[in-house]
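Each structure below is given as structure tokens.
In what follows, subunit A forms one complex with subunit B and a second complex with subunit C.
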Partner chain A sequence: MYQYSEQDHQLLLERVAQFRGQVERRLKGDLSEEEFKHQRLRNGLYLQLHAYMLRVAIPYGLLSSDQMRTLAHIARKYDKGYGHFSTRQNIQYNWPKLEDVPDILDDLAKVEMHAIQTSGNCIRNTTSDPLAGVARDEVEDPRPYCELIRQWSTFHPEFNFLPRKFKIAVSGAIHDRAAVAVHDIGLRLIKNDGGETGFEVLVGGGLGRTPMIGKTIRSFLPKQDMLTYLEAILRVYNQLGRRDNLYKARIKILVHETGEEKFRELVEAEWEKIKTSGLFIRDEDFAWIKGFFKDPEYENLLDQDGNYENLLLSNLDFARWADKNIELHKQSGYRIVYLSLKTAHQPPGDVTADQMDAIADLADKYSLGQIRTTHRQNLVLSDVKLKDLPALWEELAALDLATPNYNHVTDIISCPGLDYCALATARSIPISQAITARFDDYDYVNDLGDVSINISGCINACGHHHVANIGILGVNKKGTEVYQLTLGGSAREDAAIGKIIGPAFEADEIVDAIDKVLSVYLENREDPEETFLTTYRRVGQPLFKERLYG
Partner chain B sequence: MALQVYTASLLKEGLVAYLTLENGNPSWTPDIRLATAGTDSELEALKLAAEQSELENHVVAPYAIDVLETEAGYIASTKREQIRASGPTIRLPQDAVRASRKAA
Partner chain C sequence: MDSYIKDRKAEGDEWMPFTGLEESSSLPTGDIYVPLEEWLKSRESLLERNGRLGVALSNTDDPALIKDDLDRLDLVVLEFPKMADGRAFSQARLLRERYGFKGEIRATGDVLYDQLFYMQRCGINGFELRNDQDVSNSLKAFDEMTVTYQPASDEEFPIWRRED
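Coming up: the complex of A and B.
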């Protein structure tokens, strides 16, 4: 994990002191809300439906156990005892008081955390694969690149006031677990024919009211050129992106309006000028940054364990959990464990302070002291020994973090919706809870297999509904909350925007509608191995439409 | 014209508040039922008081919302404002965990 330098520490302390001053002046009335708003949004502080909301950055979703304990402490001391892990791998607090925020930021700074780049029209916190460094299908570990992007983008003077916010995601594996195609820039680590590592560069993906899949503007970019190329893209966007119309300000619109080919030419022309600048990544830079992300000292272990295998046979609950929430690790004798934040009791992504503390302890005990957050609003313990799985499972189950549903129907992404969000047009959390309550039969969930449901409470699409196999968008129709269904989206390497299936459903109809959609799938799949998405793509909308509206 | 009350967020806490105006004295209450409602000229007085309060940095971004009068006091007309007035419609995680423990 990256360790702050003296300079990094200094930067954070100065930033907190600066914001403390701004808060004091605001509370005294020396700053108006109009003036202060820009300052607070530069420090992750929103004013939401019920209270202030503080968004804390978790760079590329990586947390140490001590950082997790600090997050717990903040939830307990300054908030209502919980936090919300978001689709951008960050955490949000829903109830901080303005006067406490400088103290919160101080506490965060002590563990090398902050709320910078979590709001405003800057380059936001970079997201990545939660399995970075441990996945079996990895081409190369994306974290050193993410960290370079973090350092390059933090307070980048030229890009501090872009036409609109800017989100970058990096994936280093064959399978895309970072949704790179729906980010302003998506970087995919690949190898070329010569065996060299570089990036496929996607630009102009995004969700919101105009969802778009990113376009590949370069099929292979040598890795040394990552920062110069990013700088070139940002420069073109900063100059040409539309500042006159909020809805047309994202880079996706620029790419769309300029045309992919022309946009590529503009970027390449800019890049020619700065290719060899100080941002060129030298071998010694790589050596330095990669030093922070070296493999831990894994033990040499057999990829089998008697106790584990016995429990698989004797304990059905354990076997189900192991089947759903465990992933193979690149290292023999180790496993990757998903902690499901999707239960019938808590909103998707919400974790209590007590759970956070307990997770931090589990990470220390079983997983080299680290935790990752995922864009599907779950957590990951990345380095668990096979022989420790039974004990870990028992502890997770006691914490209600062992629902066997990873990438299954109840592993729902949900934005906060109208229960918290000032921009919302409808509630999303209660819908996710109603769906979770309906599909509580393990055998059915298991039979449905790999399927995603995502819910957003308005067209801003924070809940990624466009790229769910089954997407739900809450809208306000003459004062009533109704829900529009989209089918066929994907956030993975086969990224696609779902299509609206027909008129919206009332809140008390939507779960039945989902049920129908799932039955059409079950009745029409060619065999149990065929996923929902594959079936949908094969049979198309008509069968689903007929069942829903026929 | 619909009956309206003034609402805003308290500067310090960020919490939702409603304006009461008694004998020309403004104050802010978290309870919408206790707000002072008005139309026309009463509403104008509420507006001035709310704006003054904003200038004095007690509250942020005041605005008027439609309310309905019930026996128990005023309630907001829209879903959004009802949720704003009474908090999230779901159980907060702390409470939910406690409840599920009890049930178990």
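Coming up: the complex of A and C.
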């Protein structure tokens, strides 16, 4: 992974000192809360229902074991012993004290971590495919590009006071595991007919109260032009994006109101003027940055192991876990392992400090000392030897991290909702737990196959409910929390916004409603291979509506 | 005016804003700056004066409108109506980098301690601080950070292309 230079370290130290100064000025009263807000928000610090919330950046979801240990230490020392992995691959702490935050940042800086630009109207942490570098369907490793974007966007002096927040995601594979179509800018690595690497550039995706799928404004951008092109898009947005209305300030509205064609012309015209500037990426720059993401020294292994295969036959729990939570690796004899953070005992994405420490140890022992975070709020050990899977599984099971449900009905994305969030209109965590409790039968979960349920506690859509196969939005109707169902969304390469199916359900009805939706699918699928989404797209809303309201 | 910084030094300000040339009987003296509209309307008469000239842009004006005039101007005034409104950062970079303006680019409005570093990187070198800001303290803001990653008006190349 990327190793900090002396200057990178220097920048973090200066940033911590600067933020310490801002906190001091605030505590002394030299800085009003309103002015401090702009500063703390650029550093991931939100004021929530009960306390401050600190969001720490995990650039493109990649963590070393030592970084994970530091996250555990912070959870223990400054929080209530846990952290929450978010849909943008970051981690959030729900209970830090304002006066402790500079010390937390100090501890983070020691392991090359920070909270820079994890909130506020600036370019946020760039997210990517959690399987980068190991996936079989990869065109090219997206991480070197992400790191260049990280450096370009960090404290960008021109784009630190944008109309609204700005999120970039990069995918390097055929299958989209980074939800690039619902980002302000989505970059898809592709090869053109000449075999050259470049990007399909999507702009104007986003969720919130006006969900939109990003539009392709360029079908092939040579990789050398990535940063000049990003700079052109951001410059157009900074100058023309709306600032009169918070809800119309995202770039998706600018693209929509300007028109795709006109917007593209504006960007291309700006780009023409800067495409040979200092941001042009040369071959030697790529060589330098790719040097940090070279393949590890994999051992030459057969893609089979007697012990592993015996356990598959003799131990049902192991077989289930292996079926659900393991993915093929590009290297023979290795596997990718998903650690499920979706159990009946913890809110989705939550991990305790003890679990974090244990995960760090497991990464050292079995997976080259690295951990990745995923868009669906799980973790990944990316380089596990086939022969180590039985031992790893035992340890994961003991840690309650081996629920066999990856990409299945109980692998739920949920925002914090009314349990933590000041903007919430309803609770979301209890709903996700009620669903998890209802669908606790492995055979049924297995039969339902690949299906996604996402829950948001208000219209801001942090839980990505619009792009779930089954989305749940909590709203407050005359003092009671009720839940709207949307069906048919997808965050993958076939990205789509789901449609509301009908009137909302009460909290004690929503799990039954989900059950009904799933039964309609089971009864109507053509064969067990047909996924929920495919069936839904084929048969449409009426059957589901009838069952729910008929 | 006390709350003014030029080229990282606390300075007295010699510039006066001016509008309404058509209604006035004589040309104003001294160093003056006028709104863009006034400039576009009365460019020639303004240029007949002896004093230095500046133009004030609103943050929705395209700086390209004055690009051919820049060698006759000594000051361009930009506005930051609210701290959160960062449009003028782009205007500043265009003036400096694309149109090669050599004179003073001045920030006015909500010009606060925590933006000075970014403003300077975008080519702004005159700062009319908001009234409540402490000038001598504000001078520290320019040096809070010494490492920069990306090109801007002060650096042609990103950090990975710079020779140390």
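Methods note: the second predicted complex is superposed on the first by the 550 of 550 C-alpha atoms of A that agree within 3 Å, B and C clash if a C-alpha of one lies under 4 Å from a C-alpha of the other, contacts with A are read in each partner's own complex, and residues count from 1 in each chain.
Keep in mind that, in the parts below, a residue touches a chain if its C-beta (ideal position, glycine included) is under 8 Å from a C-beta of that chain, and two chains touch if they have at least 3 such contacts.
This structure is a prediction, so every number in the text was calculated from the model and none was measured.
Colleague: What is the contact status of A:538 with respect to subunit B (first) and subunit C (second): first, second, both, or neither?
Modeller: Neither: A:538 stays clear of subunit B and subunit C.
Colleague: Between subunit B (first) and subunit C (second), which, if any, makes contact with A:39: first, second, both or neither?
Modeller: A:39 sits against subunit C, while subunit B stays out of touch.
Colleague: May I ask you to decide whether A:209 touches subunit B, subunit C, both, or neither, giving the answer as first, second, both or neither?
Modeller: neither
Colleague: Which partner chains sit in contact with A:418 here, subunit B, subunit C, both or neither? Use first/second/both/neither.
Modeller: Only subunit B is touched by A:418; subunit C is not.
Colleague: Output check: A:110 vs subunit B and subunit C. Expected answer is one of first, second, both, neither. What do you get?
Modeller: neither
Colleague: What is the shared patch of subunit A, the residues that subunit B and subunit C both contact?
Modeller: Touching subunit B in the first complex and subunit C in the second, no residue of subunit A appears in both lists.
Colleague: State the interface residues of subunit C toward subunit A in the complex, per the touch definition above.
Modeller: Against subunit A, subunit C makes touches at 83-87, 89-91, 93, 98, 112, 114-115, 117-119, 121-122, 144-152, 155-161.
Colleague: Please give the residue numbers of subunit B that touch subunit A in the complex, ascending.
Modeller: The touching residues are 9, 11-16, 54, 56-57, 60-61, 78-80, 83-84, 87-90, 92-94, 96-97, 99-100.
Colleague: Within their complex, state which residues of subunit A touch subunit C.
Modeller: Per the stated touch rule, the residues are 7-8, 10-11, 14-15, 17-18, 21-22, 35, 38-39, 121, 151-162, 227, 235, 238-239, 243, 273, 277-279, 282, 285, 288-289.
Colleague: Would you tell me which residues of subunit A are touching subunit B in their complex?
Modeller: Those in contact with subunit B are residues 26-29, 33, 47-52, 80-82, 95-99, 344-347, 350-352, 354-355, 400, 418-420, 424, 427, 429-430, 433, 476, 479-481.
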